[in-house]
Amino acid sequence: MPDRDTLIAMLPEHCLLAGIVVLILLEVFGVRRVWPTWIAIVVTCVASVLAFWLSSMQEVWQLFDGQLVMNAGVLQAKGAVLALAVPVLLMSKSEFSDGEFSLLLLSSLYGLSIAVSSQNFLPLFLGLELASLPVYALVLLAYRRPQSAEAAFKYLVLSGAATATMLMGVSLLYGASGSMSTGTFASAMQGGAGYAQAAAILVFVALFLKAAVVPFHAWAPDAYEGASVPVAAYMSTLMKGVVLLVAVTLVASEPVTGALADLLYVLPLVSIVWGNLAAIRQNSFRRMIAYSSIAHAGYLFYAIPGSPSARSGAVLFYVVTYAAANLLAFAVLPRHERDEKRDDLENLRGLYRRDPVAAVLIAIAMLSLAGLPPLPGFVAKFYIFRNLIAAGQTTYAVLGLLGSYLGIYFYLRVIVRMFMAEREVAANEPLWAEQRADGMSQAAGWLCLAVILVLTLVPGWFIARL
Amino acid sequence: MGDAALLNLMLWLPLVGVGLLLVARGNDLRTRWLTLGVMVAQLVLTAWLYQRFDDTAVALQFSTDAPWIPQWGVQYLVGLDGFNVLLVALTALLGPLVVLGAFRSIDRDVTLFHVMLLLLQFAMMGALLAQDLFLFYVFWEAMLIPMFLIIGIWGGSRRVYATLKFFLFTAFGSILMLAAVIYLVVSLKASGGVSSFAFTDLYQSRLPLDTQSLLLGAFALSFAIKVPMFPLHTWLPDAHVEAPTAGSVILAGVLLKMGTYGFMKLGFPLFPDAARMYTPVLMTLAVVSIVYGACLALVQDDIKKIIAYSSISHLGYVMLGLLSLELIGIQGAIIQMVSHGLVAAGLFLLVGMVYERCHTRQLDEYGGLARLIPVFSVFFMIFTLASVGLPLTSGFTGEFFALLGAFRAAWPAHVAGNSGPLVLAVVAASGVVLGALYMLRFALTFLFGPTKAPHQPLADLSGRERLVLGVLAVAVFALGLFPAGVLRKTEAAARSYQALVLTPRLPGGAP
Amino acid sequence: MDKVQLLLWLSMALFAIGLLGVVIRRNALVLLMCMELMLNGVNLSLVAFSHQRGDAAGAILVLLIFVVATAEIALAIPIVLLLVRHRRSMNVGEYSDLKG
Amino acid sequence: MSHTLAFIVLLPLLGFLLNGVLGTVLLGKPVSERVVRAIGCGAPLAAFALTVRAFLALRAGDYAPIVEPLYQWAAVGGTTFDVAFYLDRLSAVMTLVVTGVGSVIHVYSTGYMHGDKSYGRFFAYLNLFLFFMLLLVLGRSLLVLFVGWEGVGLASYLLIGFWFDDLTNARAGRKAFITNRIGDAGFLIGMFLLHQAFGTFDMDTINAGFASGTASVSGVSVTLIALALFVGATGKSAQIPLYVWLPDAMAGPTPVSALIHAATMVTAGVFLVARMSAVYMAAPDASQVMAVIGVATAFFAATMALVQTDIKKVLAYSTVSQLGFMFLALGVGAYGVAIFHVVTHAFFKACLFLGAGSVIHALGGEQDVRKMGGLRTRIPITFWTFAIATAAIAGIPGLAGFFSKDQILWYAFASSRGGSPWLWGVAALTALMTAFYMCRLFWLTFMGPSRMDAAVEAHVHESPLSMTGVLMLLAALSAGGGYLAIPRFLEAQLPLPAVVGSLEHYEHTLLGVSIALAFAGVAIAIFMFSTPSRAEAVRQRVMPLHRLLSGRYFVDELYERVLVKPLEWVSATVFLRGGDRAVLDGSLHGLASVAQRAAAVLSRAQTGSLHLYVLLVMVGIAGALFWGWRHG
Amino acid sequence: MTGGLAIDNVVLVLLGVIALVAAASMLVIRQPMRVALALVTVMMMLGGIYGLLGVHFLAAFQVLIYVGAVMVFMVYVIMLLEVREPAEASRYSGWLLPGLGAFGLLMAALGAVVGRGATASHSFVATDAFTLTAFSTEFLNRYWLEFELTTVLLVGAIVAALAVIKVSRRVHG
């Protein structure tokens, strides 16, 4: 067993693990002087940098008999995902002062890192579980209102159903091929013998569940609304993104055909339309973002039937742009002492007059999410639909784009509220400055903005490295 | 510094201006002057480039070509050619005028307003200068957002409805165009192996007729909404009515021209066979737009709506000229674009000035302004007559050539047994009567008769306002009296447009 | 009829019954138990395949599922407790504040 | 003298710019009348002087046309559009009339408009009109002509609505503009067709092409061209069906009526046809149409003039009628005669209008002839000049109108290019009516007892010299203008039509008849109106007819009902309410509400029930598996 | 697989039938406690099946972990929560009939999958069942990654559970 390889190739994971251990120790010894979030941030940054550094070496590490494969693409994805966790940690400060949040988030990140690099269903399963288990607790953690428990419970049950479904698929796959390697999936997808195709479908259904694709989406709005802002941000971006990265790993570089292909044409489309329509009438920001994320799951899954060579690039680009925009919006969302109020879109009414910077940043986020040029959300969508059309699926691409048109309205609605509506200020209302997101969150917002701007100006630079 | 660098500087200057405004925010007056300075600097650069523009060359001039997303063949490819040179000049000219026009009327969120103006200017310039379809699309869409905010924040009472309508209308067209863009590029690569968005490469594409038709449909929808052509025009009156003066001016002055520019630069040349096949349909729509817009302008009680509907009518002539595929008609269409930009801008500025004073747009609340504010009325008369297409003004030059082109194209068809185009041309020619009808009704009620105004005494135009209108009036007359120099600049482009659209480009045909 | 086939049918049935239980039972704890039933169904098929193939991987996955299931229950129960305390009800149907 | 023609044209423009732009825009306050007068009259007088000089040059060059290019307006492809001026016999005559009559009317105006608050603006407009009119007659290219054509329309619009405080004046101006525009659309179409055929707008080229018969008309129907241009002419020259604007145009100041709506602008249509005579010679059918329309217009306008009570309206209908005569002449190929009538008409009609202006001036704005009478002694100069002009128009032998009108009648009868006894008959009857209504007007205004209000009567006074001098000059021209042998002068360019051989011997008979008719008309009028009760009795007897005539055949109402109202109805009801609001916006809002409703449904589907969510999952899994199974 | 002992097969079928019946009864039994017992029955039967298939250690774990730990915990909680549901309250959610319909569909689909898989996959000849030794060595050699991950997972789960409990303490005193 090449231990040195394991040591090096898994440096990011080790780093996270070290962070977890340190945090536990701090907790155990009751050290209060060091603020745990800082440690988590440092650890995540280091892990991200390490991942990028490893990816720059352009080597392929096969670990544990090929159960984990670290190649440049995987490491890059890992680095990106970990980097995107930094804003989440930054914006958690105002909500969580204890160490649990950081600890749970690091555990979840550890799971995500493993899941992304798995080439075997055993670590994949464990990685995904490890990623979601702490999140059940995270949803509950900022218990500001009783609905948080409901949200956590719904998430847990549906996620459990997803796990069971995926395992059933894995089991059938295993029965058909005798192997737990994810490599079996790609051949099964082509309509291989016996249970294979059903297995592939079950596995993807599980991914649909985890990524909230219609009709497996219903948990997402409830869970996001019940969760606190950083957790909703985390779930809607990183968790979803990793599911998609896993999906890309599974289909490898095979063209999608057969029944799975049909599902991958229709369900994302339904998702796009459903999510975008349902978002129109929402009055809760998080719920709206949840429906928007359902639609975005649709776009993301359209990367899978696209031409194989560009799948992973399209997904990663999309995940990064989508996450950056989403996190940006969450980061600068004005505060309110009551969580429901903070969530209320009415709270954004006339925001530009109170806090122009926040309003502009949220507007940028919304426009990027809507996929309007020149913001990177457009390039990402272009990437996805370009691949879809290149794969010959023009009809679905057109329908998908039309579906994305439906979404423009509700993003604009947010902007309308912020810029074009006035609000009487109640007498006992706190000063504007007190409503402004705290410094750390703002820093998170600026970070995301920087990512967005870079992607706006030089998307080619980024795409070239995918 | 080379001219190409100057062109880039000209393009990016507004963005620099945005940076300056953000640094220097807080003082409204300083913001206004800074913006004005930036716009004037852009105008000066444009003027320099305009006079350096070589009208004998067909090729792109002062071009910059840098990879942007090399994996897809997307380039940062900008430059001047005969297609865009006039519209670039128009845009640059309107820039400072808009700022000046809004000097007093915008007193809320001044920094944001000027940032939006600059962003809009940047996007419009970019869309005009872009020679790469992806880049074009990005700029094309980027125009929406500042305009959306300008209407939505500083607009009238129904501004949110109007601005959403504007945005959603326009975005609908763009979405389908996006699909078509992708399809076009993908199929270009599939057939020829070139992965490029450059217009010149895309002009080489060979697609079967039905594909061309579908793609043209998508492009045409987007452009026709922008123009706007009947029956896709209903956003325009609302947007114009609710928009602040600056918004209306830019909207009518430049934004609408993007639609016709798109047809000329992209829609027809990219899919020539389909374009020729659907010419009767499009031409009918153009003529219907002329008549329909004029009829509606006739019965409006809102002074801004009259001008808004008149835009629909006027841009019908542009489409008519473009579709004639006659050199004269094409040139007329180009002139008509510029002319409408100047005239509609002038009229909206005038209406805005009076609105600033009286705060109502109801036509019947006014009367006898010629007695109250004579200088205003003189300018109003000038622009009204230019709008009517009276000789010596730019409106005549454009309409005349466009109609002449349409006739020259229609007659051979008529002789060959197809009188449809001729009937359309005749109807279009009689549109000049309708044009006079609604504009003079406007002028009659507005300027003449017993004096009546909601706010008296009315102050006549200030020096700033006179300057703004004077510049426009001079341009209107210059284009009416001496169009030769301007026409020379665009002739090569008009020819290449004509050649592109007239040459069949179906697959398998002779190259 | 071969043995693996039979076991598979049983496994599928358990999985489906478990899912059905989640849909139709109102009691939160019963609901959790039905989820366990689903996992048991999966386990059975894994064991059957593992047996058929003479390969340990399936069995190892089953072992991992034990652990994960345990962890999940350990997390689920306190959440349910919290809900029940707040709601004074075990009826999952009543946990529907979040909607729309 | 390479730029004389350009100076002729541009001088009035300069006057306009100085008076208008400087006076109104830059200073913002009225300039003194003296300065305005100097600029306003100086420009046309100088133009007239230059015209004379140009004419002399033309004669010196043995009437070879002088072409004076100014600049290239535009060039597209191989086609160029040049601005050039062209002086030949025809345009020389017209230019002389325009600048000459124009100048004297300017002079007249200095007195007439004295004290008006918009003195400067008035002269600016007049100069602007002259500029465009000169552009019209001197342009070499049809395009330049069209520029002038539209421009005079503009000037007319501005001048009719000069006193715009009264909305009816402004309305009359608008009506004139719009009606003209309808004609212009036809003109444009004709131009386009010509360009299609010849690839140029230069009228000498076009005419030469037609004349030589070598021009390839490339399938363009000459008749169509001729008719299209004639549509333009009917607008500008107030022929059926587009004459309705001219009576209303009397809302403008009287010098304007004299200059624009009598002497010059309205004859532009005649000029156009004469200019393009080669086209009409090649299009006998179109010419026939023109003759019929001309004579019909002459007749109907004369009938309406019979009963008008507004002094200017009578003159207006008379103008329409006289224009009809001109078109009759054009229609039968007697282009030179038509121009001759243009000239004489310019003299006597200008004199009449200015005389009427003098009357109105004297009466402080009164225009109703029923409230006049007995002015003979109070304003003698006006009286005498008016009398001469009335005699001229009535066709009393020896005066200007007699010569030109008689020739028209003759060619209408005998021209080999479409003359016919019918045309002559109607025209002769019209001549009779002309004599009658003019004499009626004259009698009611100057003769008999005074019917003026006492207040008005108190300050009746003769006009200042600037006006009476002009009247006398014009009266002299009205008397002697007939001796200018214009048809012969123009014959080299516009040959007179051959007379049908068998009819030649009727010439003197007809001459006698027309003289008789003129005197008969005068006699009847005097007989009727010298005793007011007699006229009243006649009026009572033909009451329905009278009502029809004084209601101007209700053509305005008809147009209102048939054209204007339906257009407004279609626009407001069908297009705006039906099209834009109901169908287009309606379907749009329908779609939006469908989306909203769908959103509501989807939102309601999210009931919050965990059971439902899992049920969805269950159905989803089953469905997906079934799909796969079905797929094979 | 006809080569095996007949009695084994009979027992196997018997265990399976009992498991199925017990599972089905979970859907209809009202009291949670009895549902738990039914579940325990299912688990025991499955443990028996594992044993019959020769995977004895899994059978043992099944009994130890599932029945011994998880279910005992569950039963404890059931007893702890003495929330009385009204007697007349239905044990079913409103989605009983749709659920049954969906169940029918799902069973048909899964059945079809298994049925079709049978024709393709029974070409395998049963090799010798792997021994505990083989399993152990493999687990500790090849799969120690999973071991590590499980550890982290358990740590995470414990932290999570603690966090949840902390929250519940905060909320309810």
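Every chain is named by a letter (A, B, C, D and E) in the order it is written, and numbering of its residues begins at 1.
Everything below uses one rule, namely that a residue touches a chain if its C-beta (ideal position, glycine included) is under 8 Å from a C-beta of that chain, and two chains touch if they have at least 3 such contacts.
Please read these numbers as outputs of a predicted model, since none were measured by experiment.
K.L.:
Enumerate, in label order, the chains that touch chain B and chain D alike.
P.N.:
A
K.L.:
Through how few touching steps can chain A be joined to chain E?
P.N.:
Tracing touching chains, the least step count from chain A to chain E comes to 1.
K.L.:
For this structure, which two chains share the highest number of contact pairs?
P.N.:
C-E
K.L.:
Roughly how many whole angstrom separate the Cα centroids of chain A and chain B?
P.N.:
Averaging C-alpha atoms per chain gives centres 42 Å apart.
K.L.:
Can you give the whole-Å distance between the Cα centres of chain D and chain E?
P.N.:
102
K.L.:
How many Å are there between the centre of chain B and the centre of chain E, using C-alpha atoms for each centre?
P.N.:
Those two chain centres are 70 Å apart.
K.L.:
Distance-wise, how many Å sit between the C-alpha centres of chain B and chain C, to the nearest whole number?
P.N.:
So the centre of chain B lies 64 Å away from the centre of chain C.
K.L.:
Check each residue of chain C and list the ones that touch at least two other chains.
P.N.:
Answer for chain C, listing residues that touch two or more other chains: 4, 8, 15, 18-20, 22-24, 31, 48, 50, 52-53, 55, 60, 64, 68, 71-72, 75, 79-80, 82, 86, 92-93, 95-100.
K.L.:
Indicate the residues of chain E shared as contacts by at least two other chains.
P.N.:
93-95, 98-99, 102-103, 106, 110, 113-114, 116-118, 121, 124, 143, 146, 150, 153, 157, 160-161, 164, 167, 171
K.L.:
Once the touch criterion is applied, which pairs of chains come out as touching?
P.N.:
Per the contact definition above, the touching pairs are A-B, A-C, A-D, A-E, B-D, C-D, C-E, D-E.
K.L.:
Within their complex, state which residues of chain B touch chain D.
P.N.:
Chain B residues touching chain D: 165, 231, 233-234, 237, 292, 295-296, 298-299, 327-328, 331, 367-368, 370-371, 374-375, 378, 385, 390-392, 396-397, 400-401, 403-404, 407-408, 411, 415, 425-426, 429-430, 432-433, 436-437, 440-441, 444, 447-451, 460, 466, 481-484, 487-488, 491, 495.
K.L.:
Any idea which chain D residues touch chain B in the complex?
P.N.:
Checking each residue of chain D against chain B gives 24-25, 28, 71-77, 79, 146-147, 150-151, 154, 157, 161, 164-167, 169-171, 174, 177-178, 181-182, 184-185, 188-189, 192-193, 195-196, 219-220, 567-568, 570-572, 575-576, 579-580, 583-585, 588.
K.L.:
What residues on chain E touch chain C, complex-wise?
P.N.:
1, 4, 9, 12-13, 16, 19-20, 23-24, 26-27, 32, 35-36, 39, 42-43, 46, 49-50, 53-55, 58, 61-62, 65-66, 69-70, 73-74, 77-78, 81, 83, 85, 89-96, 98-100, 102-103, 106-107, 110-111, 113-114, 117-118, 121-122, 124, 126-130, 134-135, 138-139, 143, 146, 150, 153-154, 157-158, 160-161, 164-165, 167-168, 171-172
K.L.:
Give every residue of chain C touching chain E within the complex, in rising order.
P.N.:
Residue positions touching the partner: 2-10, 12-21, 23-27, 29-30, 32-34, 36-37, 40, 43-44, 47-48, 50-56, 59-60, 62-64, 66-75, 77-82, 84-86, 88-93.
K.L.:
In their shared complex, at which residues does chain C touch chain A?
P.N.:
Checking each residue of chain C against chain A gives 4, 8, 11, 15, 18-19, 22, 28, 31, 35, 38-39, 41-42, 45-46, 48-50, 52-53, 55, 57-58, 60-61, 64-65, 68, 71-72, 75-76, 79-80, 82-83, 86, 95-100.
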